[in-house]
Amino acid sequence: MPEIATETTAPVEQEQAEEPRRRRRRRRDHPDASEERSGVWYPRWYWPSFVAPGALALIFLFILPFYVVFSVAFGTVDFNNFGTAVPYYAPWWWSFNTFNTTLKQFYVGSHIYQAPLFRTFEYVIAASIICLVLGYAVAYYTARFATRYKGLILILLVSPFWISYLMRIYAWQGLLDTDGPINKILAPIGFGHTNFLEGKSITIILGLVYGYIPFMILPIYASLDRIQESLLEAGRDLGGSGAQTFWRVTLPLSRPAILAGIVIVTLPMFGDYYTNDLLGSTKTSMFGNLISQQTEATAGATRAASLVLILSVIVLVPMMYYLRETKRQVEQA
Amino acid sequence: MRHPKDISRRQFLTRAGGAAIAMPSLAAILAACTKPGSETPGGSGSALDNIPIATLDNPVTLPPTQDPIAADTPIESGPLVLYNWADYIYKKVVADFEDKFGVDVQITTFNNLEEGIQKVVNGQVTPDVFVPTPGYLRRLVAKDLLQPLQHDLIPNMSNVWPSYSNPGPYYDLGWNYSVPYTIYTWGVAYNRDRVPDDSAAQQGWEMLWNHDYAGEISLYDSYGDTIAITILRNGSLDVNTQDPQVIDAAKQAILQTINDNQARLTINGVYAKLPAGDYTVAEAWSGDIVGAQWYLPNGVGTDILGYWKPEDGKTMIGNDLLVVPTVSQNPRLAHEFINFMLDEKEGTENFTQWNGYQPPFTSIQPDTLVKDGIVPDTLTSAVVTEDMFKKDLTPYELPPEIDQLWLDAWTEIKAGA
Amino acid sequence: MSVAVTPETPARGFRGYFRNPWRKPRFLQATTIGYLLWSMLPVLIAVIFSFNEGRSRAAWQSFGLRWWTADPTDSLLHDAEIRAAMVQTFRLSILTVIIAVPLGTLFAIGIDRWHGRPARTANFTMLLSFVVPEIILGVSLYILFTSLFKNIIPLGTNAQLLGLVAYQVSYPVIIVRARLLSIGPEYEEAAMDLGSTPNQAIRRVLLPLLTPAIFASIALVFADSVDDFVTVQALSAGSTSQTLAMKIYSAARSSPTPEVNAAATMMLVTTLLVITGGVLFYKKFSKGQELGGATDFAQL
């Protein structure tokens, strides 16, 4: 950000003299403390007051519920009252029995949760890879080659955002029915009586791709769109073939967008359960299905909360990595 | 020049003020942090906590938690909230009720009873009329969630089999809290084009485990029902078993048919999918298969619908209830609705035109049901008679620890391990 | 542009196609067209099947308006429940937009200008709420509203609204923040040098510059709230708080009829009209500022 060199006016000097400690601390923290040098004076509460309403919303609707999840997961259930949850709010009452039992069901004994966990990873990774490859191809074409129809293609690419995700999966449910169009098309080849909805992995993976790929395409498109043609021509002028130019120029320049796309696509997929509800069966159940089943089950509240915590830990690692990357990019910007 | 370490007066006041605000709230938080359950028990009366689980041999009178509403309470203006299974009441009958009383009826539905109970218990749904099974009645009353019925407002109870009012059903002697809505048996519905009747009769429950029908098998997405019929299939007659091995064997059997035969867990497979040919065999309540005749595609006759039920003494029989929750905003209207559903004309219309589930009316003669064509003649086995209740198996409420065993088995099944 | 052809390798034929750096991107073109068809066709078919006279949404019988107006109990016109669901959907979405977009915009402006550790923490938490899987948020809010806030905020429309705001507030933050990164503080400083107060500077200089981003966030938040399913279902209570997404889900799991197709088509058309109206209104209102808002979303 270009810095404006302005004269320091008298009130600013006075303020700086009055609170020398505060100013020195700020200067150490921030290499580009532009507001000091700019001479514009904002009251100290000015920017925080902008942040406050949103922050309050976050505290009460994001952080507090998370703490309550801890309280329920480490609480107990009241068997005499239909198994409703009894949360223990104070940390010293927390009991880790149910959490440990739930955790053990991933790897010990009958490990009933192991298969859904592996399946979830399998589906999410497969779907993410397909999203990335297919999405990149479409974004690349739209950004670089689609001059005449670019507007139309963009509108079509953006349209899934405002068509209900459920409606799109519901549409697929109709198509994949045993008497639906897909089976009718496949009938001449001999596959006409395949039941796609009985619990096939490929149905779920393609369903996930179908639902989430628009989130991959748009960031990559935006970043590719901004790559100047001159950079690519320079690559070619310096002797690179098409493939080399792509590999060494285009791909690195679009790397932040690829990362963003992967995160926006992969992390929500881990918690997806309605795709399986609509397109699959218990044989293809995912982690999200485990959670939703326990929220409806009698006396399942502590288990549901424990599963939520476990899922949060699973997605926390990529989340942290992504947030660190974006912070670094913002600082470099 | 002020020493940098001196705090300004403003800073001091701010910090002191903050501490002053924080202290009481900290105290309040600490006070609220007593361990739940460590408060002195007292509750709403010890009589409620000690209601025993009802069985046929030990029928139970549910103590009244409050007085029923007075018979002369004025009829409220509604809207009446009905919390019911999905697709379980004829909309035209509901519309008739709306016209008769000039009120609106809002139907909220649930797909399985566990979810429904949970929403009533935590107040997510505040219905005026609720449709549970007898297995939940004791717990609902114990938690003061139901109000006693005012018998004077439900004169149509005389249309129901006398055993339901005098002395009353085993779970609710004296019908303090409930009236029966429908009666049904458990069995296997099958497509008669693909499964001949004699083959069905020979296989019985095995139809749901038959690999020939792979991909076309449906089981109910309800832990009590499916585990119970699997126990029957495995040869035991104890549908309320407390034996972990029996439960485990049932769990393994269900997993086996899901994995090898792609059995699906649905709640409406019998009427929504079987007539259309998507399923060949399905675990079914008798009412579901009778109601399936109204879901047949064009040009398909009712003779493709078949229903097999085990012989006398080996089949399960049950009924659903109409109850009025305590939180009901329109109790008088709720009573009117219950009375309306017990009306001969309306209740029969619900059954014969749409629902398929038989109400226990004295006016409904099982032999005339088939003769009059209400029940297709291929589905005679779906008709329920009163003496079946004496001979057949009744599912009871399970004690919490045993219930947990059943639920754990079901969790494993649903996780698709 | 002329084709650079060296004497040894004429750019003709199959292999020549691959050697030509300025060749037409046939694979990519085919892929893109294929993807677009794959993406749009199911929705088109679902819309078409809403006009199916028969009961099935997969086997076409004949054209008819049965599920739109004709059927006395199950058509869109006569089914009060579906209409109530549509009303509820729009009510929630519009209220969410009204609450979340200003909250998020202010938050983004504040975060961008306020340097300090609390600011970084707030920013981090906001980004966290963006990437968290929705089921985590939905279940934790459900647990919150049925235990701690049990009698303060009942489940239902209020709870659904709060849940949607919590989930959507990060959208405007990200979009506006991205735009702010390219604006910089000099415009407001110039305004204040010319004598305006900070509030005036924000209102008259910064907000107009942010209008594309704000419009983009309105559109995205609206569309995302209309479509939202996990949160509204977790926090629903009774039939009055059913939204269309919940109706589609429960119909899809039980016995779907083309009435659901018709309702979904209705939502599609309405959302399209709202967004188109917004775009046109914005274009007329802003007189030529670039509409790059949607791609700002990409600049995370």
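A, B and C label the chains in the order they appear, each numbered from 1.
Throughout what follows, a contact is a pair of C-beta atoms (placed from the backbone, for glycine too) under 8 Å apart; a residue touches a chain by one contact, two chains touch by 3 or more.
All values derive from a computational prediction rather than experimental measurement.
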Based on which chains touch which, is the overall arrangement a line, ring, star, complete graph, or other? complete
Tell me which of A-C and B-C has more C-beta pairs in contact. A-C
Go ahead and note the Å separation of the Cα centroids belonging to subunit B and subunit C. 38
Mind checking the centre-to-centre distance between subunit A and subunit C? Centres are C-alpha means, answer in whole Å. 15
Two or more other chains touching the same residue: where does that happen in subunit A? 87, 89, 179
Can you tell me which residues of subunit C touch two or more of the remaining chains? 56, 146, 253
Counting only residues that touch at least two other chains, what does the list for subunit B look like? 122, 276
Contact footprint of subunit C on subunit B as seen in their complex: 81, 83, 86-87, 91-92, 106-109, 111, 119, 122-127, 267-268, 271-272, 276, 295, 297-298
Note: in the complex, subunit A contacts subunit C through residues 1-2, 4, 6, 26, 29-30, 33-35, 38, 40, 42, 46-55, 57-58, 61-66, 68-69, 71-72, 85, 87, 89, 134, 137-138, 140-142, 144-146, 153, 156-175, 177, 179-181, 210, 213-214, 218-223, 225, 236, 241-242, 256-257, 260, 263-264, 267-274, 277-278, 288, 291-292, 295, 301, 304-305, 308, 311-312, 315, 319, 322-323, 326, 330, 333
Considering only the defined contacts, which subunit C positions touch subunit B in the complex? 54-56, 73, 81, 146, 150, 154-155, 236-240, 242, 250, 253-255
With touch defined as at the start, can you tell me which subunit A residues reach subunit B in the complex? 20-21, 75-76, 78-84, 86-90, 93, 110-116, 119, 178-179, 195, 198-199, 281-285, 289-290, 293-294, 296-300
Can you name the residues of subunit C that touch subunit A in the complex? 21, 24-25, 28-29, 31-32, 35-36, 38-40, 42-43, 45-46, 49, 56-59, 103-104, 106-107, 109-111, 113-116, 118-119, 122, 124-129, 131-137, 139-144, 146-148, 162-163, 165-166, 169, 173, 181, 184-186, 188-189, 192-193, 198, 219-220, 222-224, 226-227, 229-230, 234, 244-245, 248-249, 252-253, 256, 260-261, 264, 267-268, 271-272, 275, 294-300
